[in-house]
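You will see two complexes here that share chain A, one where it goes with chain B and one where it goes with chain C.
And now, the complex of A and B:
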């Protein structure tokens, strides 16, 4: 696989992973509202659910969407071979069959994956869904004009690295075989035990070749899910979805599809969204948001209002905010200096700067604190809640800095994103106690992202974050610590530039494992092993809090997305 | 708002040497002016004594106090009025627990220093270029005139933001703020001085000096500058409050002082989302900013009225509010709409 073809896609990977967190992260009344009295009645069919969002759904082509588990609104229209389990909490990190009868049958050491379609699957026009359509849907995602999806298909499928899509090359991808209408076989160039997770992304949605209108397809994609698009105004700024009469719950046990209509309005200010949800008047009573969290100040207001608090949902999306080191820059090439900083971090300040203990959980592990990722608790440089300046000073002395040290921390100018001035100041204040003077270097958002992800310009110490494409240790650890993923001519995420053959080899070994629980254990052990090298300092795992309208029922928040699943929501 | 070109000939021709003391006495006789003056003196004292004041309180502007925050409620200060207590006179900042009083008094330093410094830069450049345009060759006049025009037409906020962004981050930020605001806002002064120079140049005493063989520089220094002092001081007095807002605006937008340094604009920027949950935190920097700008504006307006006899006489006959707020009577003096930074202020408060 040529490196240059995948570098620009990695860029998409990063930015969208971040966008996802903002976009997908959400919550509905879960446990913290004390069971929320609103969930007592059985969910009813019918009504209109309003979605109030900041960002327009300006991509609605399944080839171009970059989602985790198929997305929230997109997953109402597109069914995929597999999908995420639509249940609360940790069980929601499981992958379950959707169009397929199971999550896939691996063979030849997890390099070949076979799926069979369920019976009776239909599009919105009543025509049958075939595996040829699934294959075609994947192929068109390789077309340059329909770019935007995750880079994995190009990296994993045999001979796909330079494939230009069905419009230019109608021979298609030989790596995908469809021996009959119900069977589809994928040939991968290396073992990938996580393939069923990849098959949740919208690229695995069927697209009937006869109805494909290229870049215009997104205006009216042919629905395989419970809803079809009846209106798409201003490039996704206003989306109206109505029931798809040809969808049947008999073939889909995941999507509940209670409301008759779903009205997605976007372009709203986050403060306005939260204000409207909290007021909950008129149509806003049956409203949710799929992209707006409660901020710290809004949380402070909710605190004193029991009724409002019961409408706040809490969710955990697998994400970590951390301090990243460039080990090629002095003095961070010295492990003792990195360890000293790790000891000196005041995580209480950091958590408060990130919005307090309700919005951020202090982290000492790189992997999110969820079993699905392989979470293995460890704390190689115990700093306690407020840092251990004595130990830090001791290490600095050993490293040859008995009189303290002055370093530069690079951060973004964007507040509220986990890389901004608030967090940088909290880190700065914590290190002061250990005799480390931190100078702050601020860059504006876009420039920041480019600077920290380019090998030549990467600063010595900066704020970063990572979220996985699906709940597994692989997409969490490999892009950051696999030495073969160091990209010198594009976006690079291996910021420590670690290239340890034993780590690379272990990543390959774990990718062969098809049993998720067993793989998770190995990912956890690998995380611990890497963590001891102090290449990053995990700061916190964010928590998502979201409001929903007072007439909204049946709120389900999985740990896969950390946000309310719109396919489960009912309105009174 | 389009910057108004000061019209030639309408300028005050008050003789500064004779009237200086008298003007001063008349200014002090006005109660609003006295109050404004007191506010400014007080602010200057606060700014000068900031470290002393926070030391008396027993706090410093950068120390975190996590124990004073309700972490589970988004990091809002515990206790009423944003955590007001005997230790923290005006409460603490949400999210960090830093002392608000200490940050406010230290912030005053930045606000005043930058505003005064930027005004000096603006006036110096404006006077020099205005004189050069008025006394120099036609070509030079045109060159300076066009440059001034460009400066006045520049969307200065956008320009200031990009300037702040490209300068290396180890450059001292308060100095940078001063320079950026100063270098972008001299257009009005330059025009005013040029117009004054052109009209003064025609007067007999200047002609006499020229006939006596005085060079341009000598004429500028000995004959023109004393007469220019009044309008320039007037203009500077109205530039100053808009520079206070300019600094606050840039810091509000995150391109001003670097953390953990505090400035009122930076505090306001962090406070906006908290206006419901912690109103104290928003009100304090807003109130100080408001008081400062009001005091300077009142003072500037009074100075203008006193130094411009025509405007003064018209005001005395006409409305009374003229003394307390910017007048829009177009009576010749420069309007208090500073060219650059006032835009920043509008954007920032929008």
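And now, the complex of A and C:
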């Protein structure tokens, strides 16, 4: 790892040239001579890539990580049965083989999935990777000591609901068979055409049983990917990864792994991260961030600087911010009231509150505006750019509120997250024109999440957001609209508490489809059908804008993650 | 003196015990479920129950507290899955969030906060006491008014503003200094110094106005004392008078205040730590509170409480050393 080396002599030298530097610096951070030009040169191996982040990688056990597509930093160390396609844009939402030879062979109506491992797969110590290790890796994710991963394995695998992991129950999960070292078979309790997408998560990374150290494993997990962990300090606040000599690009066509070393520094202030990336001095010239967006004011500054603007990457991650109704609470049980609110929404002011049109795209569909999710354009309650108060008033009159209506909107105190005060006020202003008085009820972050996701305390109207576990309509629609997923004694995400047998049945039918494009069409149609009931009012899809250092090359931003893929970045 | 220290040690233990009890109580009254947070939002109730059991949260509160005290005195064992994780006395438990031993987590961050606090102290003493002395000796002149105005300005701007301005000017624009990162003193003393310089200055600017004012008034007071007047009457030079005789008396309250401020900084430098990305105790405390990570919060409270109490004892001792009229009992 390299940190900036700074000596008093350099300081003295700098002092001498003060006048000069101040003159140049007044025009903002300088674009280095060949900096942007050399970006087009072919990427080379070597060098150190620095990652500057806010959030520490405080979980690094593959069992505990909750990722979409295997995560960014974790995916450098953990290979999984399948993985996300590491290319720009929409093509990056495809699932591709990783450790396995293909994305899986379904049988028995997509309830059985079979995978075969590639030849020549090795861990960092040179020992071979076997399917028994993949099975063991999944099993340990059921241990209460290693909780935190996604809930799908528990819900999908036969007999997994009460399994407590290999530490308590060494008989293992019968639902995962390993007939030989290269073959692994999964038995599901229902058809799941999306299983290949689930197999991208870190729980599908192999863990050699002999090397398992339980809760300590995350300090030095055994790498199957191009990098191995050489330092993990302060719960992942500082992570140093070095090239794994036993990884071979011959078995991995996804990860490019150009830099020799990757130095992940977290716990940084967002303003400082963006300052460092924009200044791009010393090792920061070869730095990126995977979790820090440019804010509206920073974007405005960047726009005026061509060299800087060329270093901004734009990403789309499947996410929707919406207004959620609890249809058990009056007056939201009346569809006319919900429709009136949908008509009255002023999406222009909502988008402005979310940071402006370069950071948010107005949404009328619940599904993200990408083909992979099944995006089917619809707008059942056309509010236009700034709302349709006349139509809203008309509907309110029909619903029995000719003199307007007073309602309460619950929101979080957290700013910048899409359900904070700015957005609440934007919604409030929009509805005023339609004669709807909105009273705001603000809750602090943790309490907000608990309140809106508990059936007994769920407010009638609140700001919510939903992101995808993988780019498909299933993980977007099922948790929110499947009546069988209403949880009464824990976190519930079906806010409208919709339990429509025909919707539930359609979800089951689509889950049987293993052709993603065909399934996407059906998810899109289902989204449209549900959207017409005005159970949620989609507000916007966020857009991510992130800076990277001036020496950083080969930036790939897929629509799966919406952020540059570290495994593709080169610094030479 | 021995009796004094013994008495203080017993008192310190008492204070720390009460502190830990208060934190436990606050956490059980406050809303939120640490097991649910540790498990994740999408965990089923059955899974949350398993996690609760593993964290020992299913036991009654008084038992949990008893286990905590037992760990402090005799150590405890926790399940690591593949085997037992032995946590040696004084064991503060394991973090709900990361599963790491709290003592390890604190030990890793203590040098960061200590580096920050001690370095900042040196800077604020030089700035504050220097300004205070100058303004006492040059009362009414332009330089005094200028210095006082400057320290006051430093005092009235929050650290995240001063810090960010310093960062933008010195690191991004002028590029005289590297962006601060923490490098352990033992690894590279030079990088340690350059990496911490801006955090020290930012923190010290906030504190120094207080010290300047205190030094100034205390100096003026001492200079008006009878014995100084007598010395002056004997023809002792003004310079000798100030450095040899007045300074010692004038600095007594400054020493006491320094010790207490330093102790308090161990838990409260969170804004400086966050802005400069220094992995210190204050930052850990804030993130642990929001995640209801009780063992970490209790551990940090005890450690920072220990430093505050210790600083008070040191202040008492230094007070006695610098002013012989004070007797420690």
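Here is the rule we use: the second predicted complex is superposed on the first by the 533 of 572 C-alpha atoms of A that agree within 3 Å, B and C clash if a C-alpha of one lies under 4 Å from a C-alpha of the other, contacts with A are read in each partner's own complex, and residues count from 1 in each chain.
In this section, contacts are C-beta pairs under 8 Å (C-beta built on N, C-alpha and C of every residue); 3 or more make two chains touch, one makes a residue touch a chain.
Computed from a predicted model, the values in this text were never measured in an experiment.
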Partner chain in contact with A:358 - chain B first, chain C second, else both or neither: first
Partner chain in contact with A:509 - chain B first, chain C second, else both or neither: neither
Touched partner set for A:147, first chain B, second chain C, both or neither: second
Chain A residues touched - chain C or chain B, whichever exceeds: C
Chain B versus chain C as contact partner of A:271, first or second or both or neither: both
Which of chain B and chain C A:440 touches, first, second, both or neither: first
Chain B versus chain C as contact partner of A:457, first or second or both or neither: neither
Shared chain A contacts, counted only where both chain B and chain C touch the same residue: 271
Complex contacts: residues of chain B adjacent to chain A: 62-64, 66, 69-76, 94-97, 165, 169-170, 254-255, 258-260, 270, 273-274, 276-278
Chain A partner contacts - residues on chain C that touch it in the complex: 31-33, 36-48, 50-51, 53-54, 79-83, 85, 95, 97-100, 105, 108-109, 164, 167-168, 171-179, 181, 183, 190-191, 194, 274-277, 279, 283, 290
Residues of chain A that touch chain C when the two form their complex: 3-7, 11, 14-15, 18, 21-22, 25-26, 29, 58-59, 66, 140, 143-151, 154, 161-162, 164-165, 167, 212-216, 233-235, 237-238, 265, 267-269, 271-272, 275-276, 278-279, 281-282, 284, 445-447, 449-450, 453, 487, 489-491
For the chain A and chain B complex, residues of the former touching the latter: 271, 295-301, 303, 346, 348-349, 351-353, 355-359, 386, 413, 415, 421-422, 424-426, 428-429, 439-442, 444
